[in-house]
């Protein structure tokens, strides 16, 4: 089970969420916790929107807890939107091209979960990727393939709809191959303006997803918090696991839900896989 | 341009060819030579037949000249058949899964060359791999794909024939996509008993391939050589470049030639690409 | 807290202990267990005695659970004496030169533990290394330094005595610098003939050490075990943690104990740090 | 022989010098050139002054030509002062802690050259490092040690003087050990405000060093150059090798010379090694 986080708000140093909190993402990569049977030690990545329209990407197979470059960048970068990920591989090789985030144009994508019986389904899924997009598939993970399937199904114009068509397609291919409970996923997606996220699984067990409450309410709740005092109105985090045990700070996103988060709002709707037709 | 060597004969330490000669494979990975515009610093590999029927595989992205594990293994291993490779990438990522040799069952494969316009042709070539073999394609290079295409076209039963059908297929796919002079290759292939090799290119420039002369003739030619005195009757090397400047020691294999080398003979025939039909 | 194992007996594949048991060393590198707060994901190593008097060394920063080369070697190698290690760093960089085992001549050394306040003591300890040995110190860990201090204090002639002098010296240097409870260690040491091991800490908490019972007794206890049936008389494992939960199979070595294990006997005596004088 | 460059001027993307010119630093890492017998493939690094007083450091053992993170950062970073380096090791391990630049507080340091017979002299040189600085020595190269010796001899207050005392000390230690022609170096040093550099060798062969001519003169010389038109008055490069073959663009710094370069001037004086006394 991987871990990831997405931030939108006034520019901050990623360090504030990757390193500083008690259950920071780096801490989550290494230290055991209930429900975490193996470490997230199979690579890490940070993608951020900086001086340019396209995001900048850092990915590495060195585990997050020992990654000197990640530590440097997390303090030097200041960004109003970034995605970070720590990986626990589910069978595909530990190599940089299999590390998240994945990038296409202005888009970044992270995933926590898996495609069941992936090696059995991989060929069919890979063939469904738009031939024009195909040369961009550089790694071999299920996660990257889900991203390029969603791009094939219109992600750039209709992000949530494309994720639904991707999920529907994967389930269809799996069913034809006799694979049940095919998809397990929380996904995070950004274009520099908004965070798109979804929590979904084909079966009854669904990886968790949380969104932070609005900063103003939190500041009322915790008037003494120096950390909270610094955050801008509209700042939001979407995370696979809470970073601090602060009652009232996090809201669990229900299963089968999609979200769109920007600096002023959090909108949710049901996430319903759809046959791409 | 990569470099590789294959050895068959009485068991020796790979060190004797990888490290000791003046133009050893390791030396070739690093030091400038005519016709070598870039170093072979994008990974290395050694595959050998040891205690088991299946060969053992070591692959690494650390350049050969600085690779401590390669150095250790080259002295500890003693083997009667091995393949070694130093890589100069031609566009695909530097990662272990892209390092040679590639292995399937008892087979090992190395390649020096490229498929022209590979990113344009890759999808079509990948789709032609037998779906049962497909899950074994772990990397993203043209070289690995050539191996799995040859396996698809019957390599295990008819190695040279399968290489010819692979070459014919690649040229056909390339021609349909408007790509000319599609294939540049010297390939080395072993099954634990024999070395199969081929030298071929679609265009007029063809990477070099050499085979060592028989040991008895060499010993007559160089009666004082301690090194040569040690080698067994029937020992042979197939190499992309000579390892020593010993007149009479190496014979250049002509372009469009296939070879089968074992402990008692070197047989050659023309290599003619064939449409797999 | 690192994990390690040492084997002496009739030649076996390291795989039998590194991969096959329910709590194999590889499993211990990754999966959560009581008392293991972080994974052993900061590198791994295997040293074995093969064809040559000097042992062969494989070390890598790729975590053991994802290390393809370790997996290959653990099945191809067959050796009557080997040492394996999985590392959880305690502050020094994750780099190959900091991975265990460390090697000097015929000797291999592994360590689980630390020198308290190491960065404060390092300079003084490093200066105490015999100037002739100094160029062999290639990494920066406390573990490698303990090895070279023991070599300085006569390890090659009197292994256990030299470990005691090393421990006494480290405690003395620490005391002068105001550092208490300076040393925490289980160490494993081999010369190709015997395993030397010690369990010691300056303070009350002492990392664990276990030795396997003699094979004949185990075979009587578990007459149905196919695995046990294969092991030769005299085969022994020394491990930081039991590999299987087999009642009667492991004996915990008491704190402040040194051991010498070979194919016919396990001898123990008290381990008493000594000022090198 | 390593290669490095230092830039001071109005903020630019490092890409402009690391990737874009015909003989860019990345090109220099890989492609053979007269006087370059081996590639600079043993690691790379980029240090820059960004949002903070302390510089940010990226170092990696992945060769520069294949380093995806370096490529990303070289386009995303925009900085008015940076140092970049490509390494050809001279005996010490290929590991991140041996990659340049080295950093201490606000200072960055790069080196091209060597200490002759380093393994013989290393212990004595290391002991001379100020004990308070000693814990910062994380790698094992001669280059890092030269930096900490210069820091020991007052680099923060008197950069050039400290480099001279360092050189004098190294030569003295070498002479006592019977090592002649001890030091070969071009060094680059920055504090965020100025580039300090020196070209010196104990013997007659001295690695090269070049400084760019002032931008205004160059713009007069090449009125059509778009690239030159973009550079601010006062921008300067100090490099181990020219990046473009532009007549009149580079001036070779004489041997035994020290330089101080900032946005308005280039000052030079003789570099004379001095016994630290």
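Labels A, B, C and D are assigned to the chains in the order they are written; within every chain, residues are numbered from 1.
We take it that a contact is a pair of C-beta atoms (placed from the backbone, for glycine too) under 8 Å apart; a residue touches a chain by one contact, two chains touch by 3 or more.
All of these numbers come straight from a predicted model, not from anything done at the bench.
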Neighbouring chains shared between subunit A and subunit D, ordered by label: B, C
Interface residue identity across copies subunit C, subunit D - same or different by half: same
Equivalent-chain rotation between subunit D and subunit B, CA atoms, steps of 5 degrees: 180
Computed distance of Cα centres, subunit B from subunit A, in Å: 41
For subunit A, residues that touch 2 or more chains besides their own: 68, 93, 96
Touch list for subunit C against partner subunit B, complex: 50-52, 56-60, 68-69, 72-73, 75-76, 78, 96
Residue numbers on subunit D that touch subunit C, as the complex places them: 93, 95-97, 119-120, 122-123, 126-127, 131, 134-135, 138-140
Subunit D-facing residues of subunit B, complex: 30-32, 36-39, 41-42, 61-63, 65-66, 68, 89, 93-94
